[in-house]
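Got some structures for you, see below.
Each of the two complexes below includes subunit A, the first together with subunit B, the second together with subunit C.
Up next is the complex of A and B:
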């Protein structure tokens, strides 16, 4: 009788328990441990056990020019890719949001990059980008245009990587915006027609404002992903040439798994965590403003 | 009724989670099992094909994983550092991770192993306080690969000095073919620049202090940058060997200095568009102050000190580094560390005589390091890599090269101090 009482009384705790355990073990603990490590000087190459050193690792990281450059590049990559993806993705969605022959085929083709594996994409794009034996420079030479070093030149590496990100992720914005378009109510359009609005007015005064919450949701998702991009950059350039394409995640990876300076790497990840958090909060607030 | 439902749900959840603990229960199996980590290096590939023979002979089950070299280091380090490792035997890079692993006590001391068949300096690299920790597997040294047909057409002989090398690179750099190639990608280039530094009379480290800002080392770095900047393939500062090789195989490079291990792959007709008869291999040209290319133990094999199956692990180690397998390795173009493998008559018959000659030269004159030998070698390589890239980007003319090198020397010295290796 007592056991029965226990189960029935605590059902609301028991059912979510597996999920709670999962979140604690796989999310809360790693984040907490990273914060802890950021206050230590844990360095495997020294052979010493870790000791808590307060803010020392923070000072070391903040005085490292490579960190500040990587920080800047993280934002450059994120804004460069997400803004273009947002515009392109929305335009594509508006274009696809009508009936025409072969729509299914076009839609499927557009979505293909989305389902490909980033590392495989990186390898294939690297072949395109190869300055000596790659197809892009070959095409440029046939067209008698100046050739580029693409990912092998420090000046062009970031735009080249952004192009790959745009190629892969624009379709995601398209899908989300298409779903948003399908959910718009028809009443505003009917009244606009009655009032004699033209196509451009309908687009800019009705469709886009009504879509804004959807677009911003897509932007949050995409921007969080872009801020913590790792796979494409690491598989294509490993952060090079030199350090010219290192973002925070790639740099933190190098600090932990190539330099074995776990404390400093944790500091970088704490910064990345805070940036993603603040950014998400800001965009969510913006979204709420649009909804009202 | 309600209670039963709750119980059923709980049971299902628990049973779903059970596989997570399966590893713990299988320990009681009577058969011995060991876990082995291999690199996806030609020798690792060879071992994979032979492991069934070992299993049949000894009854020990070998669970092996094969990883790319830097991932192998990552995995070993993470497992050992978190004290959660179940690895028994693994392939290891003595110059890259040896010091750090020895310092942290991750290698098992090999007191029972017979090292008499190995050159003693190759064993010394993995030795501390008279205990050896690493069995040398594969040696590599730096060579010059060249296109016989292109040199002949230009009326040139194979360069034997750096002066001749530069002249040849200049003459051959035409018609969409780069006159010269070598690694230009920062950290990866450090090992290939090393022989140039030695031949100009410099070093990366001396007496536990960084000295790659010495006039000799700087001259070597300038020379390397001049060659690659003027006559190298486009985008060379992002090229490691895996990027240079396909360009060479496509016939777009006339001369290439890199490690000896790639010979087999560049003459493999399924991978290269150049006939093997047009590809030559020669010793690295002499420099103004030296003739000592690097010759290093690029791979070794070791046992984990945390292994719970030490006798089985020892059996595997003895087998995997045996004389017989070393001969098999040589026959598939892998340059093994055992002396007896090089003396084997069957091997002598099939080895490329050019390659054998470069090995003899390097074994006699070479220097056993191709990178700064220190625990923080990864970071040190990135720092030296910055100097190399600056030199390549300016075609060796950079006016701030000396200042940059001094700054990086300071940074490397800092690393040595942090790791307690400065001045040792």
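Up next is the complex of A and C:
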């Protein structure tokens, strides 16, 4: 006989309850409060109480060139890094997709950039990028190429940051695609062998199409994280030189915790939030589409 | 596989081309942490040098990194523990009752930008006089760890056959004790994956601690960053600090390679 008391009958509500309360208190309320603040002109340091001003903060933010540039940079950074990561990550996975001695070690090495602390990564890359003592300019000088200012030059700072992101996250795509490759069924390959398909045909007509769901999901998950990149940029450049590497997250951080313009910062957060939400909905759509 | 020497050499070259760029920053960091300032700023960069310990002495004796390490450990361990306490039953319920909406609700916390919660937290925690407290930091880090626990564990519980619990329930166990006594002990690998991943993400977190912690509860990433903002960069000491902060996450990953891969590939790859 299975006992069914109050607790057992309501297990489906009681078990998730603590987690739900936690997420409501720590996420839903704060996000709601941020939305509310976006309709105010509250500045923490002014000493004035907050007053609701409708869309005034939105208009201020939208007419602020620094915000528009940061918005553009957010997309530039995201697409610039994620597209390279997708292609390179898939190529590496295809190259590694065979049995060889030490595959486990190679997989562990691939994980290292993913689990390494971003702030520390940023510091190491800053040493590489240093215009006078950095190893990258040394390599350029040996190759008789012109040296670069890397992150200290407004023209090269974004590509330099994108390179760090590519270094850190390409292995994640590789690992996910490798797992996807391991899970492919062998039937299509067998019939392709029978039909006498060559290597390139197998790759483009069988392997890649079957991998697409995996690659796309991985890429969108990666894009969501790239949209909110903060650690690497803040620790390497602080958004500089000037404002040349500020993305939305870095700019909103400065508005909140350096200028204490909470109202305007809230507007930026609403934009960032909506962009990320759209991408997240895309992931769920995709996953549902592939599940059918 | 047929042994074609040209192919094997090409493959080894490919491997080298993949591994060297990945490893080089770590190796350079490790080397630099044992260099004197003179060796670090020398041009051309030095690959051969006499190793010194002074950078680590500076980090651990002058800067008291042990204090920050202790803070990081307290925050990560406690927040992961409570995330498991909240997340495991939720993940179980999601798996057993197919609560799709609930799972999306909790997973949204994984996708949303942390900074959209951070500003309100800052205001509320200041009012409650909880700035620079472990409580504020732990709560904020739980919002990182909890979605990961649910993300990893609900498919895991879903894959464990129901018959096991049902048999236990027929034997007189309540469903909740069947969950604790039968299912959880069988879920070791899943729990290891969830724990390792959330520990690493919490350990590496920079933004939350940057705002919510000050001297008393400052965690390692902030300590390393502050180290950098001194007037003249003492590169050797900074690299020693970077090695110190990365070491635990890297050692964990080496031990639990299989589980970390599982956790990271989850969601994108079915099964």
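Convention: the second predicted complex is superposed on the first by the 271 of 292 C-alpha atoms of A that agree within 3 Å, B and C clash if a C-alpha of one lies under 4 Å from a C-alpha of the other, contacts with A are read in each partner's own complex, and residues count from 1 in each chain.
Keep this in mind: a residue touches a chain if its C-beta (ideal position, glycine included) is under 8 Å from a C-beta of that chain, and two chains touch if they have at least 3 such contacts.
Source: prediction; values computed, not measured.
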{"item": "Fit or clash - subunit C, subunit B, common subunit A", "value": "clash"}
{"item": "Subunit B versus subunit C as contact partner of A:259, first or second or both or neither", "value": "first"}
{"item": "First, second, both or neither for A:81, with subunit B first and subunit C second", "value": "neither"}
{"item": "Subunit B versus subunit C as contact partner of A:22, first or second or both or neither", "value": "second"}
{"item": "Partner chain in contact with A:133 - subunit B first, subunit C second, else both or neither", "value": "both"}
{"item": "First, second, both or neither for A:240, with subunit B first and subunit C second", "value": "first"}
{"item": "Between subunit B and subunit C, more extensive residue contact with subunit A", "value": "C"}
{"item": "Partner chain in contact with A:90 - subunit B first, subunit C second, else both or neither", "value": "neither"}
{"item": "Which superposed partner A:152 touches (first subunit B, second subunit C, both, neither)", "value": "first"}
{"item": "Which superposed partner A:160 touches (first subunit B, second subunit C, both, neither)", "value": "neither"}
{"item": "First (subunit B), second (subunit C), both or neither touched by A:45", "value": "first"}
{"item": "Stretch of subunit B penetrating subunit C in the combined three-chain arrangement, among 24-32, 78-86, 96-104 or 384-392", "value": "78-86"}
{"item": "Residues of subunit A contacting subunit B in one complex and subunit C in the other", "value": "3, 7-8, 11, 15, 18, 132-133, 257"}
{"item": "Subunit C contact footprint on subunit A (complex, rising order)", "value": "1-3, 5, 7-8, 11-12, 15-16, 18-20, 22-23, 26-27, 29-31, 33-34, 37, 92, 95-96, 98-100, 104, 106-121, 123-128, 132-133, 135, 138, 167, 171-172, 175-176, 179-180, 183, 214, 217-218, 221, 224, 227-228, 230-231, 234-235, 249, 252-253, 256-257, 262, 265-266, 269-270, 272-273, 276-277, 279-280, 283-284"}
{"item": "Touching residues on subunit C, where the partner in the complex is subunit A", "value": "1, 11, 14-15, 18-19, 21-23, 25-26, 28-29, 32, 40-45, 85-87, 89-90, 92-94, 96-97, 99, 102, 104-106, 108-109, 111-124, 139-140, 142-143, 146, 150, 169-170, 172, 174-176, 200, 203-204, 206-207, 211, 220-221, 224-225, 228, 235, 238-239, 241-242, 245-246, 249-250, 252-254, 257, 260-261, 264-265, 267-271"}
{"item": "Parts of subunit B lying in touch with subunit A, wherever the complex brings them together", "value": "2-3, 6, 9-10, 13, 70, 73-74, 77-78, 81, 100, 103-104, 178, 185-186, 233-239, 243, 246-247, 250, 252, 375-376, 378-379, 382, 385-386, 389, 415, 418-420"}
{"item": "Contact footprint of subunit B on subunit A as seen in their complex", "value": "3-4, 7-8, 11, 14-15, 18, 43-47, 130-133, 147, 149-154, 237, 240-243, 254, 257-261"}
